[in-house]
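Take a look at the structures below.
Both complexes shown next keep subunit A, but they swap its partner, so subunit B is in the first and subunit C is in the second.
Moving on to the complex of A and B:
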């Protein structure tokens, strides 16, 4: 198991840099067909998620590419209204726009800094609360947005959404047959996400 | 904890009240010798600022309107949009049954402000605007909302909420 853990650590580290220009080198020593990471719940990174909390519900995960198109859409638990595919596409486009606007209407004053200080880039909408669900949005440096719909009681949603990003890095970005900006149809990604987010 | 702005929108999507708690502006530049040119630039800066405030209100309304629709679509008809947060600010939202929308922009450390917005509606807006014999039933361009009592009441209420500990 220690070998699998080491491999997973390496994959994680590499996944964080997947947007850099190193993807070619990944293929030489990362085997996405190996059985090491097939069951993600065995991975050492899943240990911070308690498995026996009843109100921990993840409703759905949406992935929006940098152009505002919906590339992945999956429901894990009932709780949200059923929408058809077209409505999800419209929702993704709308959210993409709102995210950009919410960055522009920032009313917070710019703090005084020493010359040479580089301000961190302003982020758009990160978390939305309604009376039935909570939406956590995580935008990667490359502009891909991960939208996680959970119950309002769900703690640590930022951690969960980042772990989804890691799974995306492992199984989608390292898949040589995946074409960028296109809908994600990767079976191992589906299985890994299911293993992580679906509660028995 | 600090508050940045407060808005009321009526059911015709119009902004009928705005209040901003502006941060302290940076020190003015020293006066130039050409008084005429300086006056002109001041006027244009003021005009641009007013335009920006108006645009901001429209952008905020558009954002909230879309989010509200999105929340209804996903959570069902009885779901209500409560707030959203970015890394820099947080927007709190409260809608009355008459579709009057109360919005507040604060920093991110502020907790749930829904009860505070409800209180502004129930104890300030209803008392000083709705019950005012001088104010019309609708408020096109904010007529009758920004009266002295409402303004002062809101000011002191917000000051008591965000009082320095």
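Moving on to the complex of A and C:
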């Protein structure tokens, strides 16, 4: 792993750490009576804001093919901090590896399965959260991974990422000029995705 | 070693009778109702809608095949045109058969044919009419049928290096087959992009019909008398 990859993971770790600190500060300043305050991620007032608040944003979408290569990379909100192209590739490869590990490790006792049948697969990493963003990962049955970066306030990220998968199925898989496992340069896919995710 | 009875050592030694012909076994797979598409009434149009996704994958395979076999954009378009042509010749009869009883008339004039294609054919194939029908300004034998978003192109994005290619050439082939079947033959029907810089309809396509001079002359003679 090169130095840049190490940086990427470190950044993630730092982000999580920061997140934990912020959580504690929330606990010290607010008095929750409900038992599920483990799930509180942002200001308690956020729920009272109108649904179209500007801080609910989809930041970026990455598509990783089954070999761990980055085939699509697009940001949707203006003024985001960007990595350079190589770092995106490293991020994709690193995530692919972490995802594979998370599929293998499982602290729960192994579920009973019929002899002769394959062990049911685990889903692997599904989401990763920090104070500033949430990463939702959706893996298709063929091993393509959709990574959606959103703000933590964005609801229904699973629905959004599945809709992205549908758009991919329509405009990339049904396009005769796309070769499998290659970077996606498909005009109608870009347009449909923009129409769905870019806010006017 | 008691071998088989020695055959007379002449030409018959090489003779082997042909194996008996196998009884015919259909490879057609039937649905549980035992009714295949051939058992349906030709007039049942409402329930005969087919899945767009299935069509898209089939069309996808057709294009990939012809793309791999041909060296230029015009060759792909010609091949797609040839693939659509037999559909057009058969579709004319089917659609005339499906007209309400005792009202079916063959289009015998150019304008009738164009309106038939613009309305009836488009509705049968794509469930809507085409968006416009125009006559060429320079030549009298050129007509244009305009579709803002051809259904066959809905999932297809053309790469930059062959941006001239329009896969609606397949539909152009259907139209050409239909023109020939009515006896109003053409010098070819082609599909062209017209949505350059059009924000609303970037996939706008013009189907250009060039009727033969003799057909136009005959049509004018019919009109006169």
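Please note the rule applied: the second predicted complex is superposed on the first by the 132 of 200 C-alpha atoms of A that agree within 3 Å, B and C clash if a C-alpha of one lies under 4 Å from a C-alpha of the other, contacts with A are read in each partner's own complex, and residues count from 1 in each chain.
Keep this in mind: a contact is a pair of C-beta atoms (placed from the backbone, for glycine too) under 8 Å apart; a residue touches a chain by one contact, two chains touch by 3 or more.
Predicted, not measured: the structure shown is a model, and the values here were computed from it.
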First (subunit B), second (subunit C), both or neither touched by A:80: first
If touched residues of subunit A are counted for subunit B and for subunit C, the larger one: B
Which of subunit B and subunit C A:171 touches, first, second, both or neither: second
Touched partner set for A:132, first subunit B, second subunit C, both or neither: first
Partner chain in contact with A:105 - subunit B first, subunit C second, else both or neither: first
First (subunit B), second (subunit C), both or neither touched by A:89: neither
Partner chain in contact with A:184 - subunit B first, subunit C second, else both or neither: neither
Shared contact residues on subunit A - subunit B and subunit C: none
Complex contact set, residues of subunit A against subunit C: 170-171, 174-177, 185-189
Subunit B residues within the subunit A interface of the complex: 4-5, 20, 23, 56, 59-60, 62-63, 66-67, 70-71, 73-76, 78-89, 91, 105, 107
Sites on subunit A touched by subunit B in the complex: 80-81, 83, 87, 91, 94-95, 97-98, 101-109, 120, 122-133, 149
Interface residues, subunit C side, partner subunit A - complex: 53, 56-57, 59-61, 63-64, 67, 155-159, 167
